[in-house]
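In the two complexes that follow, subunit A is the common piece, with subunit B as its partner first and subunit C second.
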Partner chain A sequence: MSALLQINDLRVTFRTRYGEVTALDSVSLHVNAGETLGVVGESGCGKSITALSVMGLIPQPPGKIAGGEILLNGEDLTKVSEARMRGLRGSEVAMIFQEPMTSLNPVFTVGDQIAEAIMLHQKVSADQAMKDAIALLDRVGIPSPDRRARDFPHQLSGGMRQRVMIAMAVSCRPKVLIADEPTTALDVTVQAQIFDLLNEIQRDFGAAIVLITHDMGAISEMADRVAVMYAGRVIEDASADDVLDMPLHPYARGLINCIPNLGRDDDSLAEIPGVVPPLHLLGAGCAFADRCAHKAPRCAVEKPLLINHGHHPAACHAVEEGRL
Partner chain B sequence: MSLLLDVQDLTVRFALPRAGLFAPRHYLEAVRQVSFQLEAGKALGIVGESGSGKTTTAMAAIRLTESSSGKVLFEGQDLLTLTDEQMRQRRRDVQLIFQDPYSSLNPRARVADIVREPMDLMDIGTMAERQARVVELFKLVGLRPDQLNLFPHQFSGGQRQRISIARALTTNPRLLVCDEPVSALDVAIQAQILNLLARLKSELGLSYLFISHDLGVVRHVCDDVAVMYLGKIVEKAPKKALFDAPQHPYTQALLSAAPSLARRKSRGYVRPLKISGDPPSPINPPKGCAFADRCPKAQEVCRLTQPALQAVGDTDVACHFPG
Partner chain C sequence: MNASFLIRRLGFGLLLMLGVVVLNFLLIRLAPGDPAVVIAGEMGGATKEMLDSIRQEYGLDKPVLTQLWIYISNVAQGDLGQSYFFNQSVAGLIAHRVGPTILLVLSAQLLSIALGVFLGVIAARKPNGVMSGFVSIFATIGYAVPVFWTGIMLIILFASVLPIFPVEGMQSVKLRDAGFLVQALDVAHHLFLPAFTLAVIYLAQYARLSRASMLEVLGSDYIRTARAKGASEKSVLFKHALRNAALPILTVAGLQFGNLISGALLVESVFNWPGMGRLAFDSILRRDYPTIMGVLFFASAMVVIANILTDLSYRVADPRLRGKG
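Right, the complex of A and B next:
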C-alpha cells in the first residue's frame, strides 16, 4: 500500500549570513490514512520546517527545496504550481499552528474566518458557509456556537481559540492534518481536551494526523508511529511502541529518559549534555556525536544513515556495530 | 525540623478600573486566604494552571507584590511588617529565579557583573572577594570561568538559566523562589537544570518555593505539593500522598491530563477523567466551590458553600466529597 503522504529524501536549504545551511537533510517520512505520525525533537531539529514544506509555506528565498519529493496521493507537491498548491492547501492538507492568537486574524469574527476558508474551497453561499462554520464550532466543542461565531479571537480563551483553529483546519475535510505543537501555549487540562478532540476528529473524518511535539508523553498518548528528528535529519523511525519501549538511537533514549515522569520517583534524571548544534556548524559526522556517550572516532567523520540494523530503523553507528 | 516560612491567610487583592467616575470600585482577589508552611531544607511545589494565583502567592510571600492581609513569618519574623530598609536587608536570604532566562538578564551587562551585582548592592566583602565568589558560583552551577566576560546573548537558554541560578545564590540565601524555572527550556535541557536544582538543594541545604504547572517536574524536585485553583489552595500534601492518592477532583484531573509514557494509544488508552471548560473568572468568583462547574462529582452543596481545607490522612483537601 502506498502511503497517503510520502516524503522522500527531502532536502531544504536556507541562505543565511553564514552561507547556505541545510535545514532538512534527506528527510523521508510517510503517513497512512487514518494514522497519527508523531514527529519529535528539540527546537531547531527541523520539525516545523518539515511541516511548512508539506504546506508549501517555506519562504523562497531565502529557503529552497533543494531536492527530494513530497508525494500527496502520488502528486509531487514540490513541483505543483502556486495556484494548484493554493487549491490543495486547506482542502487536502491543513495545518494547526502553535500559537492560536497570532494565527487568527484579530479584526474578523471567528465565524467569518471559518466561513472564508469554506468558501475558498467549496461552491457554497455565504449563508451556507456561515451555517457550516457554526456546525463546525459545535463539533469542536464550543458552547453556544451561534453566539461564539460572532466573537473576535481576543474574546476567546486560549483553548477556545485552538478549537477554532481546529474547526478551520478540518472545515474542508483535509486528508492530512498537520498539528505543529498545538498545545504548547495551553494549560494541561486544556491540552488534554485538545488531544481528545484531535483523536475524535480523526475517528470522524479519517484524517491522517502529523503531530509535531517535543513531548514524548504526548507521543505516547497520541501517536501510532514516531519519527525522531535531530539537526534536520530523521534519526529513528518506527512504531510508537518500538520507539518508546526500545529506543535505539542515544538521542531517542535521552529524550525518553530525561522526562520527569509522573509514575516514578527518581533521584536523578538522565541528562543529554549540551545543546543542538547550530546548523551552519554541522560537520561531516553525526550531528549528535558531541553530546553522545557512545561516540567513536567514526562518528566524527561519517554521517550514519537511517537503516534497519535489526529491530527498527535508526541512524547510529553504535547501533549498527552492536555497541549499544 | 525548623520552620523556615510560615504563611498564614495571605490574601492579595487588585483594584479593577472603575466603570465610571462614581462607579463603585471592584476588586479581584488573586490569592484568597492561602496558608502553607515550608521547613528548612525542603521544597514546596505550588501547582496550578495559568490564572490560579500561584505566582502571585509566591511574589506576595516575598513581598514583591503588595498583599492586603495575612502574615508571612520568615524564621519567625513577619516580613509584611518590616520597613523597606529592613526588608531590603532581609532580601539576601530570599532570592528568585524567573521563568524566562532571556528577559531576566540584562542584555548589556557582562554575566560576571550580573552575578556579582547582588553583592555590590548588599555591600558584601571586598571587590576581590566578590570576584572570587563569582568564579566559585560559576563552577558550582556548571559554567566555565572563561565564560565570565561574555554577554547573555552568547549563552543558550539552559546556560542562561544557570547564570540566573548563580546570581540568586550570590548572597547565600536560605529560600529560593523558583517561578517556572524550566518551562521555557527544551526537555533535554530541563533535565540538566532540574538535576542542578536538586544537587544545590542537598549540597547547600536550600529551601525552594517551586512554582510550576508541570506535575512531573514538581514530583522530581519537591517534598510537598500545594495545588491551587482560582486563588485558593485546594489540596496540600506530601508528594507521595498527593501522587499516589489525590483527594481533590481537580488534582485527579490534573494528573489524568498530564501526558505520560505509561498511556499508550496502541493499548487503546482513553482518558478516564475528562473535565471540560476553563476556570471561572476571578473577577466574579462563584459562591460555592470554584471547581464545581467543571467537577464530575459536583452536587448542590458544592455550588452553595465553599469547602474548607480539612485533613484526610496526611493530606489537607478543600472538597465536600474528597477521595
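Right, the complex of A and C next:
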C-alpha cells in the first residue's frame, strides 16, 4: 500500500434516461512515484471517467462515486471536502486534456493562464508568476517564450497549445500527472515530440504519469505498466512488456493485433468485431463475451475477476481454464 | 485596436447618418398634407398670399431636390431648422433635452445589463433550480407587459401607495438652489422609477440570454481546464465563463439601444421626464416637422454611435476579432 496513487474498487454510476448505469465497476489501479501507467481501451470503456474521478471533476449529479477509494499519499480523495480538493487540483494532481484546441480559454493570454495556475497554489506576486510562466514555456520548448506568453490561444498551433497545457499542468510540480489522450488531436510528428517532452518532464519533475490512450504505439514508447480497460472494468494489469509481448485477455490480444505492422504484408488491418456494449445493457456475465471467439456458457452468467492465472493478472474465464 | 478599422467604421457611420437625413426628409415630404397649410393653420388662417410667403420663408417653393440639398447642408452645419411650434431652433430644443434622455437611457441600459447578467449567471449555475425558473417567468412577464403599464403600476405602488419615490419630473423645484451633491441625489431619486421601468423589459431579456450563453460556455473544455487548475467556482463563473459568454450579450446590448430610445419616449411621457422622448411626443402631436426630423436625426445618431461602440467592445472582449476588418 505504498503506491503514490492507489485506486481501490472504485465504482462510479451515472443517472441516465435508461436508469442508473455503472460507468466504473470495481476499478483498482495504482501508480508509483516516477512511474508511467498506461491505461488503454476503446472509447467509452471508462478511461476518462477514471481520470476525472481522480481529479474530483465528475459532474455530480448525474454522476456519483458509489464506492471504493482513491488514495493519494494515503488521503482518500472521495472523502475530502471540495475546498481541500480544489487545493489538490493543479498542485498535487494535474491533468492534460485531449483537445488542446479548445482546452485553453480563448480570451486570456497563455501567459496569464499559466500564471493563474501558479498563483492559485503558490504565494507569489503576479510578476513572479508571469516570470515563472515564461520559464515554463521555455521549458516545454516554445520559442521566444516571453513574446509567446502574451499571445492568445488562437495565435498558437495545436502542438504549441498542447505544450502550453503541459506547462500549465506541471507549473506546480504535481505528484501525479494525468494525460488524457494528449496527442490524439495532433499530427503524428508532433505526437512524438509531445511524448518526448512528457518523458523529459517526468525525468525532471519526478511525477507519476497516468497516460490514457488507445494508441498502443504510445504505450510501448511511454508506459512502464499497462492497465487494459473494457466496459468500466480493468481486465488486464501488468508490465508494459508483458502486455505487449504476451497479452492474455482476448480483448487485449485484439488490441495488440490491431497495431498496423509495416513489415507484415497483409491487405487489411486486423479488427475486433462489434462495439463496446452500451453500459445500460451490461448483463451478469463478461462484458466482452458477445465479441469473443473463446466464449463459453460460463462467460454469459459469471463475471470473471482480475486474478493472476499464471503469467500476470487477467479477468478471463478462458485464461483461467487454460483454454487460451 | 487598429486605426483603419475605426476610421472605416466611422466612415460607414457618417454614410448611414446621411441616409437617415435623406430618408427623414423624404418621409416627411411623402406624408399627406402641405406643411405650409399646417403652419398657416397654427397661425389661425390661410390666405393665398400668406401661404406663398410661408412657402418662400421655409423654402418650400423650391424643387424638392434643392430643398433636400439645403436641408443636408444645414444639418452638416449643425442647423436642424426652426421649430414651428416652439418657435426656437430645433438644435437648441434638443440640446436642452438630450442630457436627461441620455441619463435615462444609459441608466436603464446599465441597470438592465448589470442586474440581468447577474441573474442569468446565478440561474446558469443550477439550470433546473428555483432561480432558473424565476428568471424564465420574470423574463416572459417583463417582455410581455407594455412599458407604460409597468410605469403606471410602479407609480401607483411606489409613489402613491408607498410614497418612496416622486411621481414625476426630474428635479424637485424647492431644491433648485441646493448644492451639487443634494441636486445629484435628488435627480437620482427621480431617476429610479423611470430607469427601472425602462430596464424591466431588457433586464429580463439579458437574464435569459446570459443564462443560455453561460450554460453553453460552462460546458466547454476550457472551463474544465479552469476547474482542473483548482480555480474556485466564483472565478470559474465570473472570470473564465462570463468573459466568453459576454459576446452575445454585447451584440444584443448594441441592437437594443435603438429600442431603448423608443422605449424612453413612452417612459418619459409617463413620468413627465424632460427629455427628447417627451419632445418627440409633443412635436408629433403638433405636426412640428422640423422638430420631428431633428429628434429622429439625433436618435439615429445615438444608435449609430452605440453600434460603433458595440463593434469596438467586441474587440476588447474577444481577442480573436482583433486585427480583423
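Some observations on this one:
FYI, the second predicted complex is superposed on the first by the 318 of 324 C-alpha atoms of A that agree within 3 Å, B and C clash if a C-alpha of one lies under 4 Å from a C-alpha of the other, contacts with A are read in each partner's own complex, and residues count from 1 in each chain.
One rule holds in what follows: a residue touches a chain if its C-beta (ideal position, glycine included) is under 8 Å from a C-beta of that chain, and two chains touch if they have at least 3 such contacts.
The structure displayed is predicted, hence computed values, not measured ones.
In the three-chain model built by superposing on subunit A, subunit B fits alongside subunit C with no clash. Taking the C-alpha centre of subunit A as the apex, the lines running to the C-alpha centres of subunit B and subunit C meet at 80 degrees, rounded to a multiple of 10.
Once the two complexes are overlaid on the shared chain, A:Leu177 sits clear of subunit B and of subunit C alike. Applying the stated contact rule after C-alpha superposition, one finds that A:Val31 touches neither subunit B nor subunit C. Once the two complexes are overlaid on the shared chain, A:Leu57 sits against subunit C while remaining clear of subunit B. By the document's definition of touching, neither partner reaches A:Cys316: not subunit B, not subunit C. Shared-chain residue A:Gly159: touches subunit B; no touch with subunit C. In the superposition on chain A, contact of A:Ala287 is made with neither subunit B nor subunit C. Which of subunit B and subunit C touches more residues of subunit A is settled by the count: it is B. Contact with subunit C, but none with subunit B, is seen for A:Ser91 once the two complexes are overlaid on the shared chain. Of all C-alpha pairs spanning subunit B and subunit C in the superposed arrangement, the closest lie 9 Å apart. Residues common to the contacts of subunit A with subunit B and with subunit C across the two structures: none. Per the touch definition, subunit C reaches subunit A in the complex via residues 220-222, 224-232, 240, 243-244, 317-320. Interface residues of subunit A, counted against subunit B in their complex, comprise 36, 42-43, 141, 143, 157, 159-160, 187-193, 195-196, 214-218, 220-224, 239-241, 244, 254-256, 258-263, 265-273, 275-276.
Remark: subunit B residues 49-50, 156, 158, 186-192, 194-195, 198, 213-217, 219-220, 239-240, 243, 253-266, 269, 271, 274-278 touch subunit A in the complex. Within the complex, the subunit A residues that touch subunit C are 55, 57, 86-91, 94-95, 97, 99, 102-109, 116-117, 120-121, 152, 154, 165, 168.
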